């Protein structure tokens, strides 16, 4: 067991130093820093939204007689068809869109990484089955899969998260399996086996830490696409129930007024784009920082 | 009856049809709702009804201007003195659009299979016997002197089909009628085209081909009209009407719509079984704001329990004016405390969602929670029809405006089951089971004196207003944008337009 | 070689059966009895029972699944709950439109991405490189349905250059194809750029340069040809995404393809149509991926060697 502890200590040391390296590389990437700043701003806004606007008073309260006002000093983004301030709703919407994106990806990550890691480690029939399931899920277009899931389970925020998560878990499975395959036959894993460590311990302590970086990159990029998927479902009327200010749902209800009141579709869309853009910048930067081969 | 605005009478249009010369070959109508079936007894949506008007005929029809019953497939009929036996005369030489002869037998067949249709059965439930003494005569006997029998037979769901064709092909046989058009091509979800029946006995239609093209998005539909891709745009968005008004090549047709939008309340659900709670909801319904926000102010507040323009509409009905104080008082009378009650409301369309959001806020103020449940139209209908009756509130509509009995019986009536308990009629979305009301409805149906009958319906409405099974909300306008040259169509307040004689000369 | 193809074809069968099961199961666990959304309001118990039988709703889920698979193998996807039409017929009516949109999308994406990617690679680190990478990033980050709405506002409503929807001639395909194609173009631009950069650095190109071959010829004759391989891979991988993306574009532009068919069918609770269209679409994606793999097998000597003895 003493050797086991030493091995773990060695791993921790390696991890810390690689994280430091990553940060060092990331700092040099202008795009990644812009992305990091932007996404931090979005997160801060989302967290502080309740301090700026009261949900009941500013987000869901209708001011019917002030409906569809063009952007002005009082309402910088205008008002929607129920007279609600679009700026306030866009800011509050960050809470919903980010939460859906992050939870969906966490779901995908947990399911995907668990299956992938076990598949890679165990091999054989189990691996075959898991990878075939992965193939199946990647050959159904993910939007269609998510639509089918939500329409079957009913509309709710939780179901939306599950649907989007389910549709994006295959890549995590692949990444985790590939990472496990690389290190499965390495000496230190052999060593851990030789000293009698349990399989799940080996996976947790020695194998997963090696693919953490790739998973982080995947997750960062996936949160962006999960936000878009969720918005797509909301746009089709399968997302977060009204009156919650989700960006996709705002786009969907503004769409009928697109002709004369295009600002109603403009601002929520910009918000989605900005959010996804910053996540992509950050994700790209992280990937480059972690994979020196790609650096030019 | 409905002396509301009708753009051109059928006679005028017919005259124009006769004098028409070299008109546009195909007329394309941009529609908002998909045709879902071409079988008259398999549906009751407005979109499908418009197709049946083209392809099929009913025994009798309603003159859109006077509301009188006029000949359809039957050129004449007699009613027995007791009002229970109807004898219809079918002219000789009528054929279905494919050439199959149409006789009295086909009428009997159509009405017989209607009993097995979950859509048509309510209309033929009073029929106890059908006799066909010869090819030109059909004799129908009723269980009671139903004063609205002819109105029911004029319903598009009672379109006459061919026994031979339906027996041979259960799916496509019902598509064929004796109408002025036959189905040419149908791509569900995209378009359906009809070609005229050159052998129609009253003379062929002025336009050779009519196409219903589906544009789900109102704005896209209107743009298609402006670019000339379509000739008629049904139901443009109420915020976009000025585009039609401002364009000299287009014209805007506005007909007051009789379709009633209402809040259905499942009267058996805890909370909603309390009349004071229902009254609280009625007082908390800000109909004006709902119309303002959901319809861009293009609508009229509706306080009656039957449709606008129907016989027996009570002009002096008591009104639950929007008043949150009174709503709070009613809630107190109910014994429930603010915060005790939480309901769910089902909505399907975007405008209903808007209205529900307004109701949500007002109910929240008096301490009743309301959660929106957005469903697809078919899913919502499924929930309403499900025997479990597992819903609380729902924004729904009543679209039939011909027979008052048909309206009150279906919306509020119930029937006695074998075990002696009451069961609601299919379209009774309030799940109201009230023996006293049933009696009132039955009495009104067989009342021969029209003045007395009208009074009966006033009383029925007053009674409904006391028990508030539903909250009526509004009626709106049927808006249609067309190219300026389009003529001949009959625009209906029920939105089930008659395109048989449409043309562009 | 043929053994490889045969093996892949045989592997396709269990995958497709499993796909059919997944979709069938998802669509059939939906709450509520579908019979109620098809029947009229006044349906009696007997009418409901008859309708259930007609809709194939009798029996357990497994029983129904096997019945479904049995019919599927005969090419029968069942009958739509709503229009009572054959689902296969409905699907085949829509498929050409979707394929038209998908191929236009791919052509569009290629026309934009290849030149942009090449120029960016050749002028690495110049302003044009930066610009094209920023454009690509925006393209990747933009929800495509929102882009579609913006295109409608600008090109259909304000400028009136293209129709805002429908399927009337070549003009009406441009905006939807661009909408679906933007994301793909962005991805392709990046791939083209990076694979061009890889190739440009190769020794044989250096040799060519040293021999005095003009730069333009090098790019056209040598670099591009080799850079194409990863680009073709992207096409295969993205085919499923293009089909998925067209779901939204078809809704926004009222394009009568398979995507809108599915969305409308979900709206109407038309389970056979949804299931049928999803199964067929998955099958299409799988077959396209198989074809690409086979093409690879012909090209890639490693796979070739493994199976040809």
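Just so it is clear, A, B and C label the chains in written order, and each chain counts residues from 1 on its own.
Heads up, the rule we're going with is that contacts are C-beta pairs under 8 Å (C-beta built on N, C-alpha and C of every residue); 3 or more make two chains touch, one makes a residue touch a chain.
Note that the coordinates shown come from a computational prediction; the quantities given were computed from them, not determined experimentally.
Engineer: Would you mind checking which chain's mean C-alpha position lies nearest the centre of all protein C-alpha atoms?
Structural biologist: C
Engineer: So which has more C-beta pairs touching, A-B or B-C?
Structural biologist: So, comparing the two chain pairs, more contacts are at B-C.
Engineer: Averaging over Cα atoms per chain, report the distance between chain A and chain C in Å.
Structural biologist: Centre separation, chain A to chain C: 23 Å.
Engineer: I'd like the Å distance between the centres of chain B and chain C, where a centre is the mean of that chain's Cα atoms.
Structural biologist: Distance between chain centres, rounded to whole Å: 41 Å.
Engineer: So what's the Cα centroid distance for chain A and chain B, whole Å?
Structural biologist: 47
Engineer: Which chain B residues sit where two or more other chains touch them?
Structural biologist: Answer for chain B, listing residues that touch two or more other chains: 217, 219, 376.
Engineer: If I count partner chains per residue in chain A, which residues reach a count of at least 2?
Structural biologist: Within chain A, residues 151, 255, 258-259 contact more than one other chain.
Engineer: What parts of chain C, by residue number, touch at least two of the other chains?
Structural biologist: 157, 266
Engineer: In their complex, what parts of chain C are in touch with chain A?
Structural biologist: 14-15, 18-19, 22-23, 26-31, 124, 137-138, 140-143, 145-146, 149-150, 152-153, 157, 194, 197, 240-241, 243-245, 247-248, 251, 259, 262-263, 266, 274, 278, 281-282, 285-286, 289
Engineer: Give every residue of chain C touching chain B within the complex, in rising order.
Structural biologist: Those residues of chain C that touch chain B are 32-34, 36-37, 39-44, 47-48, 51, 80, 82-85, 90, 93-94, 156-157, 160, 163-168, 253-254, 256, 260-261, 264, 266-270.
Engineer: Per the contact definition, I'd like the list of chain A residues that touch chain C in the complex.
Structural biologist: 31, 132-133, 135-136, 138-144, 147-149, 151-154, 224, 228, 231-232, 235-236, 248, 251, 255, 258-259, 262, 265-266, 269, 272-273, 276-277, 280-281, 284, 294, 296
Engineer: If you look only at chain B, which of its residues touch chain C in the complex?
Structural biologist: Interface residues on chain B, with respect to chain C: 34, 36-37, 39, 42-44, 116-122, 171, 186-190, 213-217, 219-220, 223-224, 227, 229, 376-379, 381-387, 410, 425-427.
Engineer: Which positions of chain B touch chain A when the two form their complex?
Structural biologist: 217-219, 237, 239-240, 243, 289, 292-293, 350, 353-354, 356-358, 360-361, 371-376
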